[in-house]
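Chain naming follows the written order as A, B, C and D, and within any one chain the residues start at number 1.
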Amino acid sequence: MNQDQQYQECIEASLDCMNACNICYVSSLKEYDLAMLRECIRLNRECADICDLAAQSMQRNSPFLKEICELCILACDACAAECGKHEHDHCKACAEACRKCADTCRQMLVVA
Amino acid sequence: MNQDQQYQECIEASLDCMNACNICYVSSLKEYDLAMLRECIRLNRECADICDLAAQSMQRNSPFLKEICELCILACDACAAECGKHEHDHCKACAEACRKCADTCRQMLVVA
Amino acid sequence: MNQDQQYQECIEASLDCMNACNICYVSSLKEYDLAMLRECIRLNRECADICDLAAQSMQRNSPFLKEICELCILACDACAAECGKHEHDHCKACAEACRKCADTCRQMLVVA
Amino acid sequence: MNQDQQYQECIEASLDCMNACNICYVSSLKEYDLAMLRECIRLNRECADICDLAAQSMQRNSPFLKEICELCILACDACAAECGKHEHDHCKACAEACRKCADTCRQMLVVA
């Protein structure tokens, strides 16, 4: 895989993760067991904002890309760990999207 | 008040409102009566994002300023109405910041 | 096409447009005829920010979706008109992505 | 200075820096010596986006605050160095706001 493909894959994984986080966020706010989802809701938003920055930074070839990818890995790992505790479909889908995004960012850092 | 002062006042009101929305959001997520605050939490985030766009659009003199101010008024009015239903200090402070931001945007629209 | 598919298509068109705007923005800043691209660069950024808000608002089913789609149409039309004046490949690609996003938002408004 | 004051000061410095970056960005795009300001324009936008994230992360007490402050210092230092090369008033004002924001973030990291 060349560098352009790597970027493209990482942009897509970040935007997919932002999407999953936003869906998990708004779905969690409607759940009956809301009180158990406080941290999930909070991390969904933080992770969505950081994935958004990561995707746009790659699109614009930001000079701070390495540090933004590291931050994105941190947020995705935390959100995946939290969402992974819950049985809701939106939580499982979000945890998976977070893990994939973190993995793709890690591969970027090796190459970049 | 000249147009520059009007802009400056409206930027400040938008950023104050974003701040109040973010504080109300994170504080609401910790409250005991969380289930009553679902809509408050949701509107806090929407309103914070829109106030952020409004402030930055004024700072950059966006060609879409009129429509963005109208959107900001809509979001602030909705968030003020919802936060106004709750007795928490962060909700009251948020409702007040939203009302002030909406008023300042309305004055902008008269002049702009 | 059902409403979910409509949302999904509109989210994708917004994110594609944000991507094209960011690429056009950073590519324009490197061009020799930079002075002719001032308005293009400026609109790329405004349009990217608004497409970002539109995509995330659809993902979170924002109560202000109608007004945000109208704003997105306005920004995309303006950016498409400006990018359409230039011969650079990134400008042509951006104009096309903007037009597609505006069309998809218009279809959303009919259904929503 | 207690931790709340430290946060408040750092939020204000980040928002002032975002403001100065946005003004410098839109003013630079109008300048006659546009070609010399390419990197300035580019860094203004990156720095504004990162200061925005930093301010909102502090307002929401993000779990990734330390890493976001480190990223903010990096962006502010780079933007201050670039803007410091130019004689325009908006560049000087931006360089000063960037330096102040970086300093305030550094103090946050000592305490946090």
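Here are some notes:
Throughout what follows, contacts are C-beta pairs under 8 Å (C-beta built on N, C-alpha and C of every residue); 3 or more make two chains touch, one makes a residue touch a chain.
Since the model is a prediction, treat every value here as computed from it, not as a measurement.
Interface repeat of A-B: among B-D, C-D or A-D, the matching pair is C-D, sharing over half of the residue-numbered contact pairs. Taking C-D and A-C together, the chain pair joined by more C-beta contacts is A-C. Separating the centre of chain A from that of chain C, both taken as means of CA atoms, is a distance of 23 Å.
The mean-CA centres of chain C and chain D are about 27 angstrom from one another, to the nearest whole unit.
Each of the following residues of chain D touches two or more other chains: 26, 42, 45, 56, 60. Residue ranges of chain A in contact with chain D, taken from their complex: 42-43, 45-46, 49-50, 53, 56-57, 60, 62-64, 67-68, 70-71, 74-75, 78.
Only residues 26, 29-30, 34-35, 38, 41-42, 45 of chain A touch chain B when the two sit together in their complex. Across the interface of their complex, chain C is touched by residues 11, 15, 18-19, 22-23, 25-26, 48, 52, 56, 59-61 of chain A.
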